[in-house]
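For reference, the structures are reproduced in the following blocks.
Two complexes, one shared chain (chain A), two partners (chain B, chain C).
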Partner chain A sequence: MSLSAAAQEYATRHRLRAWEALPWAAGLAVFLLFPNHLAFGTQVLITILFALSLDLVLGYAGIVTLGHAAFFGAGAYTVGMLAAHGGWSEPLSGLAAAALVAGVLGLASGWIVLRTHGLTLLMLTLCTMVLLEQAANMGAAWTGGFDGMPGLEFRPLLGRFEFDVLYFRTQYLYALAVLLAGFLLVRVLVHSSFGRSLTGIRENSLRMHAIGAPVRARQVLAYAISAALAGVAGGLFTQANGFVNLAVLGLDRAAGVLIILILGGYGRLYGAFVGALVYLLLEHTLSKAYPTAWQLGLGLTLVLVALYARNGILGLAAGLRRRRGAR
Partner chain B sequence: MSAALLQTQGLCKSFGALEVARSIDFRLDAGARHALIGPNGAGKTTFVNLLTGVLAPSSGRVLLDGADVTRLAQAKRVKRGIARTFQINQLFRGLTVLENVCLAVAERLGAGGAMWRPAGRRADVIAEAARLIELLRLGDDAGRRIDELPYGRQRLVEIAIALGLEPRLLLLDEPAAGIPSAESHILLEAIGALPRGIAVLIIEHDMDLVFRFAEHITVMVSGAIYAAGTPAQIAANRDVRAVYLGGALDA
Partner chain C sequence: MDLASILLGGLASGMVLFVVSVGLSVTMGLMGFVNLAHGGFAMLGGYVLVLAMRHWGLPFFAALALAFVAVVALAVLLEKTLYARLYRATELDQVLFTIGLVFVMIAAITLAIGPETQVVVLPAWLRGQTDLGFLSYRTYSLALIAFGTALVLALWLGFERTRIGAQIRAAVDNRRMAESLGVDVGRLFTLTFALGSGLAAVGGGLGAEILGLDPQYPLRYLAYFLIVVALGGLGRVSGVFFAALAIGVLDFVLKFSFPQGGTMFIYALTLAFLLARPQGLFGKRA
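Up next is the complex of A and B:
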């Protein structure tokens, strides 16, 4: 590729492509075609948002974390506790509160744990989450302890649209809209100079220091933004389901979202979409067909991905496309 | 005599009992062409790491324009005009050549932290990166990833990145190491064509390059300055010939 072609590609990479409308069209099509599966659809949308938040730190900034559910849980409990104890059950301001609490938590914990990297960082992110999980377990007066807070009710969205406990129609469209907003935010960030510098930190932080970039400040900032976004996903979870319990903070959820991102392909924005859809569909269908052994199917899929598709499903697709183009 | 651009006073660094820098007093003027030579393990790279802030000295001071920068972080020194290349390539291997150079230029122009504006809309960053890529004749490789390039081409990207920081002091740590001789002339031309405003400190084992390029030479042995002077003085120094140059100059 010549210099001018490379410069042209660099200058236009951030532009929206026509195919990028597809996921959203598909999202609306699901709403119209599968009215009985919107509860599942809502879980998928929330999981995509959560995985997208992880992609910003893991895929772009190269921060490997095992504790991202800490922020999902912080958002979920913020919304739950506000509704249960403060009577604050307006959905949109609830999400804003979730973003704020999770973001501040991300800023504070990121400030501390991002001094380290590698295995130490992995352990410290895990510790942060476990501490939070235990706090939620022990602060029963506030959090409901082990049982969590069931039966939460929220005010109608925008004062008009009642949350629909049976068919999830409102929740689905609400989650789709919030996901779109979150996605646009992440998309703008990764294509900005800030986003490019995160990629630089992922590729070689030593070199990033040597070109005068404030490496840790950028990492902490990315971590806090990602945490806020994960908090929004958690808040959505509580609002959509009308309950919150310790499962939002567990290692299962943190590992699950990591697997989803690896399955879909990290550092590609759309990996979160593909990964969450495939993972949850597999879980959904396998658990129905083989109630006792369904995790085996999930495990085998992961083994296959690890062996043959290191860059996830999207990475595999890109590789095949390149190979066909080269021929 | 004008004020030094860079000066060190009694710079020492030890790792436990191992002294890798022993009371180094060094001076570099604006626009200097200075070479640092010495046998392997003499502490040349350590010295560069002390100058750039990668390592903190055990004692002594580093002055830039007369201001004490001994405790200043690496990134802040870059902002004040110290740039370096690495002895072993330190590049963004998964990114293209253009992206590599753009990152450095964006940082220098203060765009690196901008969160809303697309990087692709910084035409100034792209144009400057393209200019440097042309300068080092990397144009055909601009869209290729670093890990697809031969090592010698990668060395040139190191220099392009350093130049993208528009330094006043450029530290080149063995820039010619690993470049095939067929391509080394590109590097030599690039270094030779550096604006006189940039002071250059070069660590190099290729004595042809050193004696062609440098106006001052400092010889380091065992963490200390062993000799310093013009190329002619160093070439005539019998001790230096004995410890380091060997027969290299007789040819």
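Up next is the complex of A and C:
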């Protein structure tokens, strides 16, 4: 690639391209073509939003966290507890509350744990999550403890559209709309000067310090925004499924979303989409029939990805395209 | 239960934590390699012990030695073929690789042996109670404390009084300087990685009676091992020792006085402590 072509790409990469309408068209097509699989589709959409929130901290800000499910869980439990104890079952304001609680939690914990880096940071993010998990387990009077809160009911969306327990029609479109909003937010963020400074911190934080960027403030802010988005994904999870339990907070979920993002390709926005779709399709078809073989395959895939395909599926695809273009 | 019994029980589990975690601390201190699969080596050690005793009728300590040897061999193999390729990789790649390795270990054990909890049969002279004069306590826990103390002394001597120990200390403190002085850090790493994994296997075998042994072991105790290493300070044997004892005793006391989620306090305390001292108990300031 010549220098001017590189500069050209750099100057125009924030513009919307025609193919970027594809995922959303596909999302609507699924709604029309596969009315019996919308429950699964809803889970995919929620997972994409969760993975997208992780992409902001991991892919753009370069913060490696093992505890991102803490914020997913905080959002999920906020919505669940408001509905179960406060009788606050209006969906949209519930999501706003989830975003607020998870965001504040992200701000507070980010302000604390982002002073450290490396192993200590990794461990503190894990600690934060386990701490929340234990709290949710202990406060059984509020959180339902180990069993969680089953059978939650929510008021119709916008006062008109009932949640559809059997076919998930409302939930699917609702999740698609929330995902679109979340995606636009992240897309605008990463192409803004704020997002560029995050990428700079990821690549070389020392230099960013040297040119006067407020490194830690940027990281904490990115962490908090990402936490709020993860909280929205968690809130959606509770509303769509009508229950919440300890599984929303566990290491399994945190590792799962990390794997999804890496599998799809991090730091590229659409990695979350590809990764969540591929991972959940595979899990859906394989894990129930062969749970152990699934885990074995997942482990081997991770090892191979770490050794050979560090940029995930989208990275592989981009590499192929470049090779073909060079020929 | 009186104070002395609680203290002894906590010390015994602290010793197990120490034996498992010490290798992790040294390898992380040497190479900065984030090895989340360390608990997996401990689990494999436990399984070798249990299976060798059950199927080949090996006595307890012979099986324990076999566990050490087998895991050391596996660790060297993995280090040479896979780990070595990721030394210069980003932390994220190391995290992914080692989590993947944990999954492979869990699945392999579940497939080959089954998901159920394994029981370790202790030799007769380690069962029952021993009268210490002022109280009588479980013989096995006392033996663990004695073994852990002997091990920490041996490791301390090895680190402080041998040439290799001095090289390791130098490399932990300043790797580039040590390399410039002709220390082969790569070889040191292979050595400490193999020994550390072997010790983890011994810890897994010895601790199976206290911590339990099933395929989920490496994930269940991951946070504990990491906490011990981070609290102790990377590459500090004495730090890991005191951190492991503190966590062991604290965990025992808290679980005893608040059965409902006493562990929460450990995580909270760890968070608070590492904020005040990010480099751990004895770590150097970054």
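What we mean here is this: the second predicted complex is superposed on the first by the 305 of 327 C-alpha atoms of A that agree within 3 Å, B and C clash if a C-alpha of one lies under 4 Å from a C-alpha of the other, contacts with A are read in each partner's own complex, and residues count from 1 in each chain.
Everything that follows uses one rule, which is that a residue touches a chain if its C-beta (ideal position, glycine included) is under 8 Å from a C-beta of that chain, and two chains touch if they have at least 3 such contacts.
Keep in mind that this is a model prediction, so the values were computed, not measured.
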| item | value |
| --- | --- |
| A:H191 touches, of chain B and chain C: first, second, both or neither? | first |
| Partner chain(s) touched by A:T12 [first = chain B, second = chain C, both, neither] | first |
| Which of chain B and chain C A:E203 touches, first, second, both or neither | first |
| Partner chain(s) touched by A:Q134 [first = chain B, second = chain C, both, neither] | second |
| Touching partner for A:A25 - first (chain B), second (chain C), both, neither | neither |
| Partner chain(s) touched by A:P214 [first = chain B, second = chain C, both, neither] | first |
| Touched partner set for A:L166, first chain B, second chain C, both or neither | neither |
| Partner chain in contact with A:L33 - chain B first, chain C second, else both or neither | neither |
| Those residues of chain A which chain B touches in one complex and chain C touches in the other | none |
| Residue numbers on chain A that touch chain B, as the complex places them | 1-7, 9-15, 188-189, 191-197, 199-200, 203-204, 206-215, 218 |
| Touching residues (chain side chain A, partner chain C) in the complex | 58, 64, 66, 112-113, 115-116, 118-120, 122-124, 126-128, 130-131, 134-135, 137-138, 251, 255, 258-259, 262, 292-293, 295-296, 298-307, 310 |
| Contact footprint of chain A on chain B as seen in their complex | 52, 54, 74-76, 78-79, 83-84, 86, 90-99, 102-104, 106-108, 111-123, 125-126, 130, 133-134, 139-140, 142-144, 161, 164-165 |
| Contact footprint of chain A on chain C as seen in their complex | 28, 32, 34, 82, 85-86, 89, 91-97, 99-108, 110-111, 219, 222-223, 226-227, 229-230, 234, 260-261, 263-264, 267-268, 270-271, 274-275, 278 |
